C-alpha cells in the first residue's frame, strides 16, 4: 500500500468553512498537498478520529463542541491516547429575520422563552404555552404570528440555544423558580422543562443548514431564525439581525464577551500522527498563526470570532501538548 | 518484475493458449469442426482460462497477503523500545512503508543507486531531504530503526515479488500445459468453459448476499451497544422522538415509522398512477416517435439530483400548498402552518419516482406478446379493457417489481424529506403537518453533534437495523402476493 | 371423394352478410392482398383455402379490422357488413369485433383461469346478468367448444396449462361465448385431433343456423365437409370464389385446379 | 383409403435407434405418461397418434430431454439412444439434443433474421467452415424446409414477420440444418397448406434414408402416408404400437379401433 | 347439441350507431387514454419546470468577472536578496503578494477613475478575489525572471463585484454589507466602461477545482467531475456485469427453492436500504478493513456499485422473466446449451429492460451524496487534477453531487448560483450517459 501523504481532516460542518480557508492557503503556500477537509458533523468526525491510529484513520477532527469524556474514553480504548485540543475561536449565534419583515430589532432571552417554551408555570401549575404572537411574549415585539426556525436536535447549536437563550430566559422571567416550586426543587427536571420547545408548529426544527433556514425565512415574512454570524454577514441583504440582551452581534462584541450567545470551535489533532503524516504539524501551526486566525486574518474576515487567547493556543500546538 | 509486466505476460500466455488450444483441437479433428465435441472457440477459451484464472487468483491473493506478511515480519523485528511514546507500531510501520516507497522512487528516478539504498545510513545521509527531493514528504527525520526497517521491508518485498513472479508464471504455464494436453477432439471443452462461467455467475450472485451480511454486520454491533444504553421497549413502542444533548432523550421509533409510511404512501400514490398510466400510454398508445422521445425525457426525472427536488419542495410546492390550505388560504381552512409537510415531500418524491414506475413497467408491458392483445381485441374488447384485464395482469410480476423499487427509493430518500417534510418527528394524521422519516433521522443522527458514544448517535444504527428488518418483511409479503397472482403467458 | 353431408342441406337464402369490394392490403411496401372482391353470405360457412402465405389470414383479419393493430398494415377498398362500411369513420372497431368474432391461428389463451378466459368476453359485453348466468354461459361455451368434459373439473386452473389442442378449443369456446354474428376462424382445427376436429366441425355447422362462419383451412377435406362456399387465394389474389362443390369438382381457374389436384390423400 | 406409397418400400432392417422402457412422466402430481415401452427404429418414420392431451408431446419431449426445462416435470424409466441411457448422469443433454433435433408444435422462430434463424444451429455446432459454406447450408436447409422460394429474397428480414405456415417451415428448416440423427416433429404440418405439407412429407421420407423421424400428427392420413411405425397413445398410455398398416387396417386394441374408425374423411 | 337453437338471435344493430353500452365503454377508453396522456404530460411538465428552474438559477455560473491589470512584481518584496533563489522566493507567502495586487488595482483606479472615493490601496481589497495572490505567486515561482517587471494579469474579481455585474448584488442589498461599499461599485462601473473589468465566459467553472468558502469566484466543478467520472467507471464496469450475471444465475440457472426465494427477497430488500447505510458499510469494509485510501473515487465507486446492484438486478430479472419460454425451447431444441440459449437469445431480448435498469441505477449513483459522506468524499477536497488513471481512482477527490451539495450549503450566495450551475453540468453528464444507453436500448427493442 502506498503511504498517504495528505493530511486528512473530518468533522463539524460549522468548522468546515474555516478549515477550508486554511487548507486552501496551506496548499498554496506549502509544498505539502492540500489537506482534505471532510464534513459530516462533529460526532461523525470524532468517531472516525477515535477509530484508531494509522494511515486509514483521519489525523484531525473538527468539532463545534468540546470532546466529551466518553469520547475520550472510546478513543483511548482504540489506542488514540494523545490528543491535542486546539480552540480556534468562537462562533457567534445570531437571531435574524427577513429584511422586509416586521421590526424584530431587539430580543431578550426571556422573549424566546416566552414564545417557544412548551409549558409555562401559571399559578402553580404547568400549562401549555398559548403565546400566538411575539407580542404575547413581549408587548414590545411586533404582533405577528410566531414562526421560529431553530436548529434541529442534531445540531450542537441547539444545545447552545437551549442553554444560553431558553434557560436564561426561564431564569430571567422567574419561571425557573416557579417550576422548582411546582416540582419540589428538582433542578435538573426544572431545567429540562425550561428547555423543552413547543411542538405545535410555531417552532420549526431545521436539520439542514443555514441555507435552509434562510430559504424558509425568505418565504415567510414573519419568520425569525437562528444563524451563525458568518452566515449572516454573507447575507446581510436578505437578513436583518436583532440584538440580544441589548448587544448587537459582531466579532468584536463576541470577542469582548458582551454578546451572550456564542460557542467555541475546536479541532483535535492525533499526536501520534505528527511526524508521520507529512504536513500535519505545519497545518495545525498554520491554522492558529496570527496571519490566519488573528483578528486581521481571513478567518476573522469571514466571520470567525478570533480567540483572545490565541497565543496560548499557538504554544499548545507548537509544544504538541496533549490534553 | 513490475506487476504490469507480469499481468501482461499471463495475458499473453492466455492469448497464446487460446490460439494454440484452438489449433490443436482443430488438427485433432483433421481440420473439420464437425468432429469436435465443442466449437473451436471453447477449446481455445479452455486453455486460456486454465492459463489465466489460477494465475490471476493466486496473484490477487498474493498481492493481498504479501504486504500483510512482510509487515508482520518487519514489525516483529522492530524492538518495542523503538516505538516512541504515544505512538504505535502500526504508525511506525506506515513511516517505514513511506520510506521504503520513497527509496524505490528515488532509485527509479536515478537519485540514488540500488546498492546505495541498501547500505544507506540514517546518521550519514539526510534521508528526509533525499526523499523530499523525489517528492516524498516525511513528517519527521528518519531514525536508524525506521531506515533499517525500511531496508528490510524493501528486501522482503523484493524477495516476495520475485517469488510471486515465479509462482504465478509457473501456474500460468502449468495451467496452459495441462489444458493444452487435455485438448483433443473428444474433450468436452464447452462444458468446462461453461462451468467456469457458471462459477462466475454464482460469484456475482453471492455479492448480493455478502452485501447483506456486510450491512447487517456493520449495523449490528452498534445496535447492540445502543440497546445496552437505551431500553429496547422504549425504542420500539415509544411515541415521542426528542433527542437532546444533555441526555434523557426520548427515542421512540413510532413517529418516525409513521412518517416514513405516510410519506412513502403519498409518494407512491403520486408515482404509481402517473407512472403506470404513462407506461401504458407509451407502450400501447403512443407512436414510436412519441415514445422514443418521451420515455428518455421522463427518465431524466430520475437523474435530477435530489437536492433540486428538495429545494423545489421547500420553495415552490410547500408555499403553494400553504396558499391553499394555510390560514387565510384559498380554501379558508387552517390545516397547514408551514411549508413543510408530509404532502409536500410526498408529492415531490412522487414526481421523482415516476420514471422508476414508468420506464421499468413500459419495458415489461412491451414484452407481453402481441397475441395476447390480439386475443382480447378479437373478442371485441376495447384497448383499455385489453390493457387492464389482459396485458397488465400478464405483466404484473414485473410491475410489482418496479413499484417495489420505487417504494424502496421512497423509503431510502433523505434530502427531499429534510427539505420538504421537515425535521420534527410527529405522530399525526394530518398530511399537511411536518413529519420526518427513519432515513432522514439516520442521516441526521449520524452527521449530528451528539457524543458519538451516546444513545443519541448510536440510535442511527438501531434505526437502520429496524428499517432493514421491516422492509425485509414488506418484501416477503410482496413476493407472496406476486406468487399468488402471477400469470404466466405462453 | 368429398363425402360432404352438409351439401345436401338447404342453404336458406343467399343473403349477403359481408361484401368486400376492391380490397387491397399492404404491409409497408408489400402488397399482400390484391383487389379482392367477395360476398360472404349470411348463415353460410365460407372456407378460405390457398397455399401458405397467400394472404388468407390477412384478408380474414380485414373483416373485423384486426389489421388495425398492425402499424404498417394499410387497407384500401370497401368492406361492408350488413350494408355498412366497416371502415367508415363512424364505425367503432370494438362494436364491430363484438359482432365479428375471431379465432386465431396460434392458440392464445389469456394467462388466466379457464373460467376467466371464457367469461372475459361476456363480461366486457355485459352478456351475463349475474354470476349464475355467467356460469351458464361459460359452461355452454365450453360445451360448444367440445372441451367441457376435459376441463370441467379444473375451471380455475390456468388456461395456459392445457395441451395445444385443448388451448385451441378453449379459444374457440371463448370466441363463441360472446355470440358474434360472424365468426372468423383461422385454421381452428390445425392443432386438433380428429375427434375434436369433428366436434368443432359440428359446432361450425350448428353455428350456421344463425351466424356466418368464415374458416381458413389447409384441409381440402375439411373445406369440403363444412363449407358451402369456398374462396381460393393465390399470391394475394382471390382466384376463384363459388359454391364449394363447384370449386372442388369443377374449378374454373387452372390455378385452382392445380392446387386442388396437387393435393395428396 | 390409405394409399401409402412408402409401404411398398423396403424397410432396410429393424435396427433399434431409441428404446424406451417403463417410462413414466409426472407433472407435479399429474401422471401424464404411464409406463410406456417402445422401440423406435433407425431409418424409420414413427408416427405418434392419439387424442389431444393424451401425452404425445410430453413423450416426444422425453426423447431429447426437453422436459428437463420444465421444473415440475419428472421422468422415470429408461430411454436409450443407440444403447446408451440418455438420462444417465454422464450424458450431456446438449449433445443429446444436437443428435435428436426437435420441431415444436407452435412455431417459435427466433426474433432474428431468417438467415440467422437457420444459421444458428450450424454455427453453434461448427458445421460450416466459412461464410460460403454457411450460406450453402442455409440455402439447402431452406430448400428442404420447402420455403426457399418464398424467402430467398428476404433472408435478412425477421423470421417473426412470416405467415404461420412459413414460420413452421422455417422451424423445420432450422431443425434440419443441424443434421440431427433423430428428428422429433410435433405436428409439423398443422399450419401448412397441402402443397407445403406434401413437401414436408417428402422431406421426411427423404430424411428416413439416414435418420429416424418421430412425428406427432392428428392426421390419420398423414400418419398412414409417411410412417412405417405407428404408436397410439390414450390417456397417457401407449395403447398400441406396431407397423403402420397393421395399426390402420387391423388394430388389436379396441381403443385404437374406436379412435381410428371414429375419424372422419 | 340442441341448446344452440334456443338462442334467439340478437336484435340487429347498426354498426354506424353506437350502442349505449359501447358508448360507455368508449368513453371509458377515451378517459383511459386521456389519463395516459395526462400522465405523460405531467411527467414532462414537471421536467420542464425543474429544468427551467435549474437553467434559470444556474446559467450565471458560466460567466465570471475578471479584472485585467498590469502588476508590478516588486523585487524588494518578492526576492529581497535579489538572487532569484527559488527556495527563497517560495518563502514569500500569498499574503506577501496581496499588497502588490492592491497597489496595481489602486494605480489603475487612480488612472482610469480619478476622483473616486477609494483612497488607499488597502481599500481595493473588496474588489479582488483572494485567489489572485495564489495565481500570481504560482506564475512567479514558475518564472522567477519576471520579478522586477510589470506584467499584465487577468485576475478574478471578488464575488460581490461579480454579483453586481450579474445583478445579484445591488446598491440596496449592500447597504449593511461590511465587505463592500457603494464607492466600490462606482469604481467598478467606471472600470467596466474602460474595459478593465469584464464579464466573460468562465471556463474555469467547468474545468476548475473547488475553492474555499471565502472565494466562490474561483470554484469550479472540473475536478469533482473527474471524481464522478472515475466513480462511474467503477460503477459501470462492476455493477452492470455483476448485476446481469447475478440475475442470469438467479433467473436461469438457480434451482427454484427457498434459498433462491431468500436471495430474491434479500435483493429487493437491499434496494430499500438507505444509501447512507451503504456508506457505513463502505467505511467499515473498504477503508477500515481493506485499507483502501480515504476519500478515493475507487471506494466511492465500490460503495455506489453495491448500492446500484439491486436496481440493476431487479430490472434485469424482470426482463429476463418476460422473455417467452418458447424462445429458450427453440434454442435448446437445436442443441444449444443452456448457457448458449441464454447468452444468444434470452439476453439480447432482455436488453431493453436491462438498459433501463442501468440508466436508472447509474442516474441514482451519479446523483448520490449520502454514502460519500462517510467515506470522506464530501467537504473541501480541492485536490488537483489526478495525474493519471491510477491517481484518478486512488487520490482524494469529491464527486459532482457532493460538490453541489456542499456549495448549496455555503454562506455566500455566489455559491448558491454555482450549485445550480453544477447541477446543469451534472445533468449534461447524465444525459450524455443516458443517450448512449438509449441508443443501445432502441437497437434491442422489438415486439414479437
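Read from first to last, the chains carry the letters A, B, C, D and E; within each, the first residue is number 1.
Rule of thumb we're sticking to: contacts are C-beta pairs under 8 Å (C-beta built on N, C-alpha and C of every residue); 3 or more make two chains touch, one makes a residue touch a chain.
Only a predicted model underlies this, so the values are computations on that prediction, with no experimental measurement involved.
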## Note on the structure
Touching chain A and chain E alike are B
### Message
Quick check on the contact graph: shortest path length from chain D to chain E, in steps?
### Response
1
#### Entry: Pair exhibiting more inter-chain C-beta contacts, A-B or B-D
A-B
### Query
When you take the mean of every protein CA atom shown, which chain's own CA mean is nearest to it?
B
### Summary
Per the C-alpha centroid definition, the whole-Å distance linking chain A and chain C comes out as 82
### Summary
Whole-angstrom distance, CA centroid of chain C to CA centroid of chain E, is 60
### Message
Taking the mean of the CA coordinates per chain, how far is chain B from chain E in Å?
### Response
19
### Message
Using Cα averages as centroids, what's the distance between chain B and chain C in whole Å?
### Response
56
### Message
Residues touching two or more other chains, restricted to chain C: which are they?
### Response
94-96, 98-99, 106, 124-125
### Message
Give the residues of chain A touching no fewer than two other chains, as numbers and ranges.
### Response
1-2, 4, 13, 31, 40, 44, 55
## Note on the structure
So chain B residues touching two or more other chains come to 190-191, 311, 369-370, 382, 385, 446-447, 489-490
### Message
For this structure, enumerate the chain pairs that meet the touch criterion.
### Response
A-B, A-E, B-C, B-D, B-E, C-D, C-E, D-E
### Task
Spell out the part of chain B that touches chain C in their complex, as residue ranges.
288, 369-382, 385, 389-390, 393-394, 487-490
### Task
Write out the stretch or stretches of chain B touching chain E in their complex.
190-191, 194, 197-198, 200-205, 207-209, 211-212, 214-215, 217-219, 273-278, 280-282, 284-286, 292, 294, 296-309, 311-312, 316, 351, 354-356, 358-360, 362-364, 366-370, 382-385, 387-388, 395, 397-398, 401-402, 404-405, 407-409, 411-412, 414-415, 438-439, 442-443, 446-447, 461, 464, 467-468, 471-472, 474-476, 478-479, 489-490
### Query
Which of the residues in chain B come into contact with chain A in the complex?
67, 86-88, 90-92, 94-95, 97-98, 101, 132, 136-140, 242-246, 248, 311, 314-315, 318-319, 337-340, 418-419, 422-424, 426, 433-434, 436, 440, 444-454, 456-457
### Summary
Touching chain E in the complex, chain C uses residues 81-82, 84, 86, 88, 90-92, 94-96, 98-99, 124-126, 140, 143-144, 179, 181, 202-203, 206-207, 209-210
#### Entry: chain A residues within the chain B interface of the complex
1-5, 12-13, 31-32, 40-44, 46-47, 50, 53-55, 63-65, 68, 70-71, 73-74, 79, 81-82, 147, 152-156, 158-159, 162, 192, 195, 199, 201-202, 204-208, 212, 215-216, 218-220, 271-281, 322
